[in-house]
Every structure is written in structure tokens, then in C-alpha cells.
Amino acid sequence: MALDKNGIAKRIAQEVQDGFYVNLGIGIPTLVANYVRNDIEVEFQSENGVLGMGPFPFEGEEDADIINAGKQTITTMPGASFFDSSMSFAMIRGKHVHLTILGAMEVSENGDIANWKIPGKMVKGMGGAMDLVASAENIIVAMMHTNKAGESKILKRCSLPLTGVGCVTKVVTNLAVLEVKNNAFHLLERAPGVSVEEIQNATEGTLIVEGEIPEMDV
Amino acid sequence: MINKKVTNVQEALVGVKNGMTFMLGGFGLCGIPENAISELVKLDIREVTCISNNAGVDDFGLGLLLQNKQIKKMISSYVGENDEFERQMLSGELEVELTPQGTLAEKCRAAQAGFPAFYTPAGYGTEVAEGKETRDFDGKMYVLEPAFKADFAFVKAWKGDAAGNLVFKGTSRNFNPNMCGAATITVAEVEELVPVGELDPNNVHVPGIFVQRIFQGKEYEKRIEQRTVRQKQ
Amino acid sequence: MINKKVTNVQEALVGVKNGMTFMLGGFGLCGIPENAISELVKLDIREVTCISNNAGVDDFGLGLLLQNKQIKKMISSYVGENDEFERQMLSGELEVELTPQGTLAEKCRAAQAGFPAFYTPAGYGTEVAEGKETRDFDGKMYVLEPAFKADFAFVKAWKGDAAGNLVFKGTSRNFNPNMCGAATITVAEVEELVPVGELDPNNVHVPGIFVQRIFQGKEYEKRIEQRTVRQKQ
Amino acid sequence: MALDKNGIAKRIAQEVQDGFYVNLGIGIPTLVANYVRNDIEVEFQSENGVLGMGPFPFEGEEDADIINAGKQTITTMPGASFFDSSMSFAMIRGKHVHLTILGAMEVSENGDIANWKIPGKMVKGMGGAMDLVASAENIIVAMMHTNKAGESKILKRCSLPLTGVGCVTKVVTNLAVLEVKNNAFHLLERAPGVSVEEIQNATEGTLIVEGEIPEMDV
């Protein structure tokens, strides 16, 4: 059965390692924080200027001055810090953030990502995504494998304006975990009950399937 | 001490004119210069270029200037929360320059710090880099981005003093410090103007040298865009 | 929270080797990493390149490494207070790269923030710019200066916590914040290691992400170079 | 009579205007602070990271952590702030500091200045001087008109390695106040009792003398 958004987030959380500073994008990535093992030390950075984000505040304790990059009210953990935008992107551009998790409209087999614009239809802007994907060495994309019409978003070449080139290292979708290398998607895991054929059919880009493909442990 | 205090928002905005370029601090609706924005609406200053990470929402923040069609051009990184913005942009009424967020911050900081331009990897290989100089350093490609030039910077701080020193709270800091001193005139509005000497010199976030005018703001709404909470168990 | 605390200076300096490049915070003798310097003398690490605004005085600070001939090359802006330094430099024993102070600070900050190089007007038309790329922006000439690359940065703060957050006092801040995260490993020594949660998140000068190791320093001498006073009347 | 160091500082203090942020170099410039009118608002910046410097501390109140760029113990005035070196030079490079006063070994008629190195003999380093002279729009040099051997330091061309090119706007020496423009030194004022001839004889660079030259009011 294909994963829902929380399932995707749960699987991505397994990629978060002890001692990682992590930047979570808007949408599914935000949910990842809920599933990170609590026996490891991790700090969440939000590019609007906070390191050491905690959970959402209790009702009545929201503070308009303390939000994340999704404009959601948040709390901070002990050891947190606030800083300006320039310093925030110094952390990102300077590769001090170890892992970036973000959403995408399309990814391509050479690691390109598109997630900020549909020409003539929709423009939300790139926000901090272009800075993140241009600098991070470990970039995991959280996305649906296909669009609502059933068309693949895992492509040979992105059709939409790019956010970054050759930067995506891993993709976790509702159907599969894919590693991006050598100009191809390498199938690492299947969603529980989803067959390799289903994944192959939903993937327009080159898909490499080697050996037995295990099911995700989610 | 060089005194930067002005009486009110009217005095603080003396000199704003149609066609000028403004920088405005804030991320979403967090840390935006509410008083300056209201006054710009009241003064009906038109044909302006606004450098601001976001464009507010339809009925608050820079959205008010958009509704009133005072803005000719927006330079932002993300405008996803504003329907009127998207409408004006897609219809071509509004000129829009979308800039990666870290580049936006650094273009401000470059102007503040006297750097003419800088090389950043952000946007390389995308339409953001089209027509711009690119260059290889140590095998990685970078895009040359020029510093901003603006007439006024409008910022909002938590506390400040007559020397122009500013202190921010939480994530309402964001772009505000980077915009101070990045325009010809920097106008700071503060929630609380404290007596000179009260701020700890070690914890001043923006030294007064970067601020030309400071005033005690009023009636802050500090609207929350996405109220997210958890339940007590 | 990611724990950066190490037990002592010995543990903090694990991995330092002959021939490495070190950054050291401080201006004159103000805000220098006294414990790290003492340990480098003790470990007798040799042939090192030191990036530090000054070179201490003959018998304190980096002067100790100079006396001990552990330094192959100094990258500094001002060395006027150190006779042994001047002697080694003029005799050719010591390689010296003199760099304008603002350029020195920004070469650190560029390394910290992921900028490969930057354009500065400082030094244009002087021997500092010889062999370097120069460029006109808006009718003014600038020199392209690359970011530093260093193996260790040794900084000294007033207070810090196990998360690596740092707070500085007075002008002992100087280059220390710019060097954090500008080397592969940043080692911070602090006068007071406080419990996590005690530092105000609004007033952290260096977020812990830029620091790999932090320890409680000891026996700070904090020597004054030029004691200047006035008389009470 | 030629001025002493305090006389030079006193004359330069007259150049400091209301609302100026001022950076004072080591030596004579440091003395300028003692003579600034106290009915104007001025703030002193020191490039090691302080704005709003006050006088030296009272004996016993020195703080090793609070010094100026000359490594002297100082105090701060109400409204002062401390910051890092990068921000300090943002103030300088970004032209937020209005006036720079510094010493020199040589200046030339085109506004060049040399003050950091005598090849083979002495190298102190440029410290912040190269940043200051490359960016400040108002640069006043405080210096002796001649060296100990009586040779002019006010030259056609500097012989020592330069600190900056075409940047000096005014020179105040023990003998004269000179404005630097159009490739010449323009004599504005004489030290009390010093004749134009004496100044001319002590000046190797082109000296323009127009009309009656008043004595300094010091």
C-alpha cells in the first residue's frame, strides 16, 4: 500500500543521524521531526533564523515572534539560538547544516529538482530552497511519485524551471526510496505491498533495480 | 551620543517619494515594520520598488500596498501566501524579481558592508542565473550577485534607544539587521524605546551607526500567519 | 541538543598536527585562546601557519609559539608589538603575509559562510593587491580576496554552553565569532561553561552549529598590553 | 612656532562635526578626542569592535576585555555597543564612519598615503588602515611635516609602500593645514608664527598658496 504523507515522513526520519543539524522544508518535511528517534541528538534549523526548534506550542502559548520558515508558531529547545537571515544562510551555504529535506514538484535522474514555479500558472517563489540545494551535501526529497493525473514526477529531465542542478541525493515517495547517482534512480526500498512493477510504471526516469528490493520498515 | 530619535512615523518618513526603492524587514508577517507600512499607505506613495522577503498577506503587511497598487516592482524570495500578489504578477501588472532567500539577505548585507557584489552558489543552473556572470571556484560554480541599492530601509525591532541601537526578539529578527545601513536612510520602529544606557552593549544586535531615524511604534498587531499548537495531554 | 563539550584542552586539541593551518581569535592580547596556545606549545606542534590579527607579545600569546620557532608562516594585519616577530620576519626565518584587518576578518567570515572569495577596496593600488585580480564596480576599484582555508580555529569566549553557543564580553569578541565555523574544526574555550538553557537564545553571539568542541578554560591571565588610566580629580 | 602633537590634535578636533562617527588611529589621532567641542554629538569607533568609546578608565577600573585598537584600556559611553571584526569593518567599508584620522610616514600631492612599512627596516603592518583609507570619504592625516633629518614627508610621490591611493583629503602637520586636491597641497592655514616660506621649504610636493594664509586658531 502506498504511503501517506506521514509514512513518507516516518521513512525519511530514519535517514536522520546522531549529531545532525537538519533543515526541514515546508509540507511533508515538517512532519519528519515527529518521527526522529529520541535516543539521538539532532537539532532543527529553520532558515528564518532559529536553531534548536522544538514542537508546536501549547494552545495559548503561541508567540507571534517565534515562527518557523513555514510561518507556523513554534517553540525552542534548551540550547536554541536566534539569528539574522544572513547568518542563517551562512550556516546553510557554509555546509554547517548536514541534511536538507524538502518537497519537490519534479526530480530528474541527474539529481535536478524543480519546486518553485509553474510558468504562467503558479509562482510561489524559491524561498530558501535554492540556497539549500546549492550547498547541502545531503539532500533528501519528500514527494508523491506521481501527480493527481497519475503522471510520473520522477523524470528523465525536469520540465519545470529548476531549483537546483545535480544536487538531490535521495528521494522518498509514497511508493519507494530512490538513490540518485550515475544519472539514474536506484531503487532501494519499496513501500509495503507495492511491487517493483508498480514503481517502474510510475517512474519515467531511468530506474535501476538490482537484486531483491526490500520493503520499507515503516 | 548621536541622537536618532524622531517623534513619530510621520517625521520618520520625511523624504519618501514616488518611484523610490524601499527595503522592508520581516519574514512573513513576523517582524515587519507595521507602522511604516501603514504610513506608506496613508501617504499613497506610488510606483515603488519593494525589497522584502515576502509580500505580506492580502489584507496585512505589504499586501496593503499591493491592494492599493502602490508597488511597481517586488524583489522577494517567496510570495506564496498572497493571492492578490500572484494575480498581479501573473497578469503582468506587477514586475517581480524572485531571488533566493540567502541571496536576498546577502545582497542587503553587501550593501550595508560596502561590498559591490558577491559570488553565491544559489541559483546556478536555474533561470535566476540567466544573464548573470558565473564562475568556477575550486570546481564549484557560483553566480555573481550585486549588492542592493535602496533609498529607505524600514525595519522593526523589539527594543531600541535614541542612539539607534536595536535589539530583536525571536525570529522577528530575520532580515531586519541585514537591512540596517543598507539603504541611504534606515528608519527603525521599535516596540519599546528604552533610555540610552539601558541596553547591554554586549547584546546590541544592530549598533546605532546603521540607523538614521528611530521612533516608538504603536498599536502593533503582530498577526500570526499559521497558528499551530499542540494539545496539553 | 548536540553535545560539543569535551573534558579539557588536551581532548579539545586531539588531531592537531605539524604543518597545519590554525586560526586564532583575539586582538592584541584581548580575547586570545590562552589555553589552546599553551597546549600547542606543550605539544610542540611545528611548521604551522597561523591566521591571527596579531602575534601576541614576546612572552605571551602567539609570541610563545614564535619564541619556540613553531610557526612557519603568519597571516596577520599588525605585528608592531612583537620584537621577536619583527626579527624573524626581517631575517627571513618566518614567512609573513600581511593582510588588511577588515580583509582578514572577511576572509574568515567568507570561509564560515561558504563564500569562495569577495571583492574589497582595501589594498587596491598597494603591494597587498600585487598579483591579485582587480575589478571596477561603479567606477571604484576592488581586489578579489579568497576565503581562508584552515584546519583548526581556536577561539575564546566569555561564556558558553555544551551546545557550543558562545557569548563574548566587550572587545574580546573581535575576530572570534568570524573564525567559528571557518575551519574544519572549531575549538572554543570559555571562561565560564554554563548549563544549557541558561544563555538567552536572543543574545547568543555564535550559535553552536559553528563550534565542534567546547571546554571550560582555566587560569586566564588576560594580560593588559597598554594599561592607560586617568586620575580621579 | 611649530605645533606639538597636542597642538596638531587640537587643530584636527576642529574638523570634527556634529553627528560624526569618527575613527581615530594610533598616536596623535588618539589625542583628538581630548579636544572635540563638548557641545556637539560625536561617537568614536575603534575597529577592534567598539562604538561609543569614552575616556580612559580611572585607575583600578581597567578591564582587560575593553580596549581600543591601540590596545589601550578604555571605557564606553552610554549608548555604546560591542561587535565582531567583520561588523566593525562593515561600518568602515560601508562608509558609515564619517571621518578617519590617522598618522602617516609620507603623503603625496595626489593623496596617496604610506604608513605601514619601511622595506628591510621596519614592518608594523597595516592593521585596519588600508580598509579605512580605501573606504572613508573624509580622511585627515596627522603627521610631522618633516622627519628628524629635516626632510619633507609632504611629497610629490611617496617613496614607501603605499597604504592607499588618492584618498587623503586633508593633512594637519606641526606647520600647516593642507587640503589635498587637483594633484597639489593647498595651504589653508599656518601654525602660529610659522611663515609661508618655512612651510614652502619643508614641502617637497606641489604647494599652492592663494591669497593671505591665516594662522591656525589653536
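Order of writing sets the chain letters: A, B, C and D. Residues in each chain are counted from 1.
Throughout what follows, a residue touches a chain if its C-beta (ideal position, glycine included) is under 8 Å from a C-beta of that chain, and two chains touch if they have at least 3 such contacts.
Chain labels with UniProt names: A, B, C, D = Succinyl-CoA--3-ketoacid-CoA transferase.
Predicted model, so just to flag it, every value in this text is computed and none were measured.
Shared contacts of subunit A and subunit B, meaning chains that touch the two of them, come down to C. If you average the Cα atoms of subunit B and of subunit C, the two centres end up 33 Å apart. Remark: subunit A and subunit C have CA centroids separated by 36 Å (rounded to whole angstrom).
Computed centre separation for the pair subunit A/subunit D is 56 angstrom, with centres defined by C-alpha atoms. In subunit D, the residues that reach two or more other chains under the touch definition are 50, 82-83, 86, 89, 92-93, 135. Contacts with at least two other chains are made by residues 109, 114-115, 120-121, 168-170, 201-202 of subunit B.
Chains touching one another form the pairs A-B, A-C, B-C, B-D, C-D. Within the complex formed with subunit B, the subunit A residues making contact are 46-50, 55-74, 82-86, 88-89, 92-93, 112, 116-117, 120-131, 134-135, 161-166. Partner subunit A is touched in their complex by these residues of subunit C: 1-3, 109, 111-115, 161-163, 165, 181, 196-197, 199, 201-202, 204, 207-210.
Residues of subunit C touching subunit D in their complex: 27-31, 53, 76-81, 86, 89-90, 96, 98, 100-106, 108-109, 120-128, 158, 168-178, 205, 222-232. By the touch rule above, subunit A contacts subunit C in their complex via residues 19-21, 41-43, 45, 50-52, 76-83, 86-87, 89-97, 135. Across the interface of their complex, subunit B is touched by residues 114-121, 137-138, 140, 142, 146, 167-170, 200-203 of subunit C.
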